[in-house]
Amino acid sequence: MDGLMVPMEHVLVVAGLLFTCGLFGLMLRRNIIFMLMSLEVMLNSAALAFVTAGAHWAQADGQVMFMLILTVAAAEVAVGLGLVLQIQRRFKTLDMDRANRLRG
Amino acid sequence: MLGLSFLLGQRRANKATNMPFESGVLSVGSPQIQMSVEFYLVAIFFVIFDLETVFIFAWAVAFFELGWEGFLAIAAFIFILGVALVYELSTGALDWGIKRGSGRHPEELH
Amino acid sequence: MMLQLILLLLVAGVVAWQAERFSSTLPRWVTVVAVLLALLMLIANLGGIPAERFTLVSYPGEPQGWLMYSQHAWIPRFGISLEFGMDGLSLLLLLLTLGLGLVAVVSSWDEIEFKPGLFQANLLWTLAGVAGVFLALDLFLFFLFWEVMLIPMYLLIAIWGHEKRAYAAMKFFIFTQVSGLLMLLSIVVLAFQGAGEDGISFSYSDLLASAPTGRAGMLTMLGFFIAFTVKLPGFPFHTWLPDAHTQAPTAGSVLLAGILLKTGAYGLLRFCIPLFPEASMQFAPVAMGLGVLGIVYGAILAFAQSDFKRLVAYSSVSHMGFVLLGLYAWNSLALQGAIMQMVAHGVSTAALFMMAGALQHRLHTRDMFRMGGLWQQAPRMGACAMFFAVASLGLPGMGNFVAEFLVLAGLFAVSPWMTAAAALGLITAAVYSLWMMQQAFQGRPDNNREMADFGVREMSAMLVMMAVLLGLGLYPQPLFDLTQPVLEGLLPRMSEPMSALPRLLSEVSP
Amino acid sequence: MSELGTITFGLLIILAAVGGAAVLTWFERRLLGIWQDRYGPNRLGPLGAFQVLADMLKLLTKDDWVPPFADRLVFVFAPTAIVVAMMLGFAVVPFGPELYVLDINIGLLFFLGMTSLAVYSVLLGGLASNNKYALLGGLRSAAQMVSYEVFMGLSLMGVVMLTGSFSMRAIVEAQQDLWYCIPQVLGLFTFMIAGIAESHRLPFDLPEAEHELTAGFHTEYGGMKFAMFMLGEYLGLILISCMITTLFFGGWLGPVLPPLVWFCLKVFALICFFVLLRAAIPRPRYDQLMSLGWKVMLPLTLFNLLLTGAVALWMEG
Amino acid sequence: MSASDFLAIAPLLVLAAGATAVMLQIAFMRSVPVTAILSMVALLLAALSCVSAAAITPLQVGALLSADQFSLLFTALFCVAGAVTCGLSLDYIRHHGDEPEEYFLLIVLATLGAGVLAYANHLASLLLGLELLSVSLYALIAYPNRSLLPLEAASKYLVLSGAASATLLFGFALLYAGTGTLAFAELGEKLGQAEMGTGLLMAGSAMIFAGLAFKLSLVPFHLWTPDVYDGAPAPISGFLASVGKAAVFVALLRLFLEADLFRYYKLVQLTGLTAILSMLAGNLLALLQTNIKRMLAYSSIAHLGYLLMVFMICLDTGSRALAVEAAMFYLIAYTATTIAAFGLLTLINESQVEREQVQLQQVSGLFWRQPLLAGLMLVALLSLAGIPLTAGFIGKFYLFTAAVSGGNWVLLAALILGSAIGIYYYLRVVFYMTRGADEHKHTVTLSPGWSGSALSCLLIASILVLGIVPQTLMAYLRSIL
């Protein structure tokens, strides 16, 4: 059943740690580029978890999900970068706290 | 090799050495220059298209197993990819310099 | 017929609204014609009913018990249908509604200059909603009309009201809406309680058969009770009323006091008590206590007002306390009294609000301290005011007297102690009514003031109302005849649980 | 092969590749000289062959200078990245039926991955230099590389489809009857162009176009670190030639001569061809370069895929 | 894939083909009216194709999509909503964006995403639909390029929604690790016999719930909502609030039903708690707003709270069918109503560029100057408040009925309390609209074009028809369960 060399739980823990790193990065960084990067880390940790689980069950599903997540992440980043460009041009800063004009 | 070079290399320092090299002309302005938007566009296109290729890779390996059905599916996929490419090209996303699609000069974009 | 009547009023509303495009007086005529048409329609249809039907005891829950009955499919998914039924009680209240509708139009004949078409439309829509409330037998449908009549009323206050109209309209709406939601909850619970194999039903007759008992019954009953008491208004849910009455335009106040309050009483009589005999019996002491409190509290606060309209509004709280008392005493006498009070109070208060409107229109104030000596300047007005003031305080010969007397008489059989407390209200009523007369109409007139007396239009409305009140006071028998079969149908349903009421009351009295 | 053997062989390959790259610097200049009717290096040793050694010594003794305005760590790391990536790329190349470091079932993907790593090298080098020209060069180079990388992978998919595997050995063995340069001529063409652009050889050396950008992303580089970039470029050239040989020209396959010899001969021929290209074709404008990639080559590879698929399925029945 | 498979997913295919066609059209000929009409035709065709697809359902298409009446109903709803949004923004976007054509393309794509969500009964398709929807929305929110606020709103939404997606995905991965399957139904079976630590599965489902709660902007994951709605262009706020939410809710509902996540009592209780918090907090915070968009944003939080009650009610298996039916009706009513409310904001902001006119004072006296628009707003607000004769009332009645049937008294109390608070702020808008026009200077001057007027009438009619004669829809909803 288990197609992995290491126990699945260990890898899942690593993925969880990565996810947490990303989450903290997202919350603590104020520069939108770094926020996007943290987002990527979070998405990829999920992808890692999928691949691990897929290997554990010896199924291709995990890798399929991995590819889908990659695509999704790419799309998010593509739009994100477009926004970054606009923000840089209009606000002259990438600091999200300083670009805050909406109340609340 | 780098280490060897570090050991063997001569040390010389003068004022000019420590300045950015711009063909002998003194550097003007900050190196943090505003890049042309096309570079970002290319980056974004790459990200998108490179991922699309991943799906094609997956199909290519299993090409004979998937047969005509798979072929038709990937043909549809490539068709949409092609349409996206046509769309992007026609909007002038890759035209360095004057934009064709919008009929406006790039300065207006900045 | 009943559906058509409501539709007539609704459509007439739209016509009146659009008539505004052609002339600013046209909408009024549309309203008058529509209400008269509705009255005509009602009477014409009544003519078709054999006379003996009016005296037959009508047991609720039996379609043949109604003078008129109709049912059309609507939302079978939840067993909801367009079920209407009319008995003597609904007929009486319907007549009151349409009659006061006419009064409302007349009272605001030239008060409204801003968007008169929409004003009349809202008036008509309110009437349609109230008519629906009095006629609906399906509880969902009842709730629908109950809520729907609020919107035109809200607009009447919010658009054409006085200074603090936003606050008043909002308060009115929220009070009634929230209590309405509680009622909806109760209605749904009730419907599920009686759910059979063929799904749930909201029909009155079906629900009568399946009243929950015990704690569930009490809680469900409370949902109804709160909704109706808010509308009535009973203490302590009355606080919206002085604001709404004061801020509403004259026609709005007339409708509010004359008709909308009656929907609460009607709901208690038609739904709340018959649907939950046991719970109502257990709750009766509390309800009656609230009634007494309302009478006394309303009267005292009425006395403390300087605003003419506010005074009348608080007097309504006091008067409707009698209705609450009468309903929960639940014997033939008290119930007849309560019904009489509904009609008499409707007419007398409507007249007083019309008076207040007329005064405000002429003097641009409702403050009684800034009035005084009006009788000399406008004798017809003074006379009318005097008449309705004494009617309101319950002078023998008027409908109000008969009503209050009957309630007290019926109540005495149940609880002498409460009767005594309620009678206190009668005395205070005399005080504030006469005080009002004195402040506004007696005393030295302000000579700098020019004031027109009542004209023909206003006088004729007043005279009709006076006639009605006198008629009710001197020869109330037709009204009793009309409602007696209804009460006879309702009373046995309750006779067993309610027989325990005096004992219960004696336990709580000191 | 034992583990130790693999390691030894790997080291050998690395040495050979580096040596080859070094010789190539001299060889290219000689060849260019011949084709362009001039001399090239001809002073040191026979035919100037010792020029390599001289260059090497010179580079080693140069000042190991890191600009004070640069990002130090990245500045040093960048040139090594490209060399390491290219060297790793050699790991999956089968030089003979039994001569390889790694035979993994995703060999081709591994190669593609390694070549994409090269883009980090130039981009980081350009960024770390903190110099306008270097930055522009780096960006240009990165844009160019990523543009061409998209269809580089795609152009190989025809081969993968016909073989049904990413394994390099499997691909070579599938060419017993017919080299893929025949059915996959479009693929060969596009891959070759992509390969040249990937290693930014002329005519696609826009990132380091001397006329516009002094020296592009390695403007601020000198000494051994500069040499690393150059080494990377030449390694890239050899690697691409190896790949083309493997994927399209039957790898080690060939009559009479031993497999390794065949392989080396083919690679050598290809290298000569690339040098000839450098000598013969002018450099395009940057926007022309990008248009070529996106507007011509990418659709062409996609077309190739569909064509290959349709024909292959047709013939299969 | 057989022909019937293609027919079953025809709406999605039509949408995809429509998007491709629109893209080609933009590539070769830029023209706003043509693009708009093409997009609307594609959306309406997709809605129509739902009808023909309905004949052959239910059908499982591939591993990912389940074509049944449920998915078709909502796909059709989303398509119509998308078409209405296109129509409403026709004049709006011309004033707000430089190249408005892609705007319509993005709406088609977002609708496609919503459709996929409605069809999804596999985690992969759920992910795809969700992201197609979200990514299109990021771009749509940022669309008006003459103002700074949309940009900020979009970046906020992007970052937070991306984080939510990642959380969701991680949750899926944990579930997958625990069960070895991604299909909803199989997931349910495996969960029943899972040997893996339930800790893994609990963590997984909690993360999924958190992710979806964020997308549905439920308390305490709601903080982004007012800012994003405020900054986004009005028609897109409407689309986001209606289709964006409804699609996610539909997918969530299907996930819970097919995988029978109701067996995780604690998780369901969590939804109940979230529902109560959302109802109360949403309504209370809406009270404080003078900006209509923010008010509607908070009110949408509350409405999703009402909807979420359904999960608690579903715990009672006897009431489950009724609860799902209630959710479906409520979603339809809510979609129509929300689009109407934001539609008004769209129509009154057609030519406003920098800051949209959404303060309460700015609709002062609208009733007298633009009766049609004010009527639209009035009907929408009454429907949101749940006043009879509107679709919103029937929806709320449904929830009432379901909750009573399931005996969820605490939820009902919160619902009543929330509705009570809600009435106040909805009516406040009505009051402002009925004020004398001369009381404020900063009012709106406008006249909607024919398309705006026609759509307003359509929306008013649909809300009223659903409120007055709901039986047809009710019978249909009941028949598809």
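All chains are identified by letter, namely A, B, C, D and E, in their written order; residue positions are counted from 1 within each chain.
Here is the rule we use: contacts are C-beta pairs under 8 Å (C-beta built on N, C-alpha and C of every residue); 3 or more make two chains touch, one makes a residue touch a chain.
On a predicted model such as this, the values are computed, not experimentally measured, just so you know.
Chains that touch both chain C and chain D: there are none. The chains other than chain B, kept where they are, group by touching as follows: A, C, E | D. A summary of chain positions shows that the Cα centroid lying nearest the centre of all protein Cα atoms is that of chain E. Note: centroid distance chain C to chain E, computed from Cα atoms, is 43 Å. With centres defined as mean CA coordinates, chain C is found 65 Å away from chain A. Chain D has its Cα centroid 32 Å from the Cα centroid of chain A. For this pair, chain B with chain C, the centres built from the Cα atoms lie 78 Å apart.
Shown for chain B are the residues that touch two or more other chains, namely 43, 50, 89.
Looking at chain D, no residue sits in touch with two or more other chains. In chain C, there is no position where the chain touches two or more neighbouring chains simultaneously. Pairs of chains meeting the touch criterion are A-B, A-E, B-D, B-E, C-E. Across the interface of their complex, chain B is touched by residues 67, 70-71, 74-75, 77-78, 81-82, 85, 89 of chain A.
On chain B, the positions that touch chain A within their shared complex are 37, 40, 43-44, 47-48, 50-51, 54-55, 58, 110.
For chain C in complex with chain E, the residues that touch the partner chain are 73-78, 114-115, 140, 143-144, 147-148, 150-151, 154-155, 158-159, 166, 169-170, 173-174, 177-178, 181-182, 184-185, 188-189, 191-192, 200. Those residues of chain B that touch chain D in the complex are listed here as 1-2, 4-6, 8-12, 17-18, 20-23, 27, 29, 31, 33, 35, 38-39, 42-43, 45-46, 49-50, 53, 56-57, 60-64, 67-68, 71, 74-75, 78, 81-82, 85, 89, 94-97.
Residue ranges on chain E touching chain B, taken from their complex, read 1, 16, 20, 23-24, 26-28, 30, 98-99.
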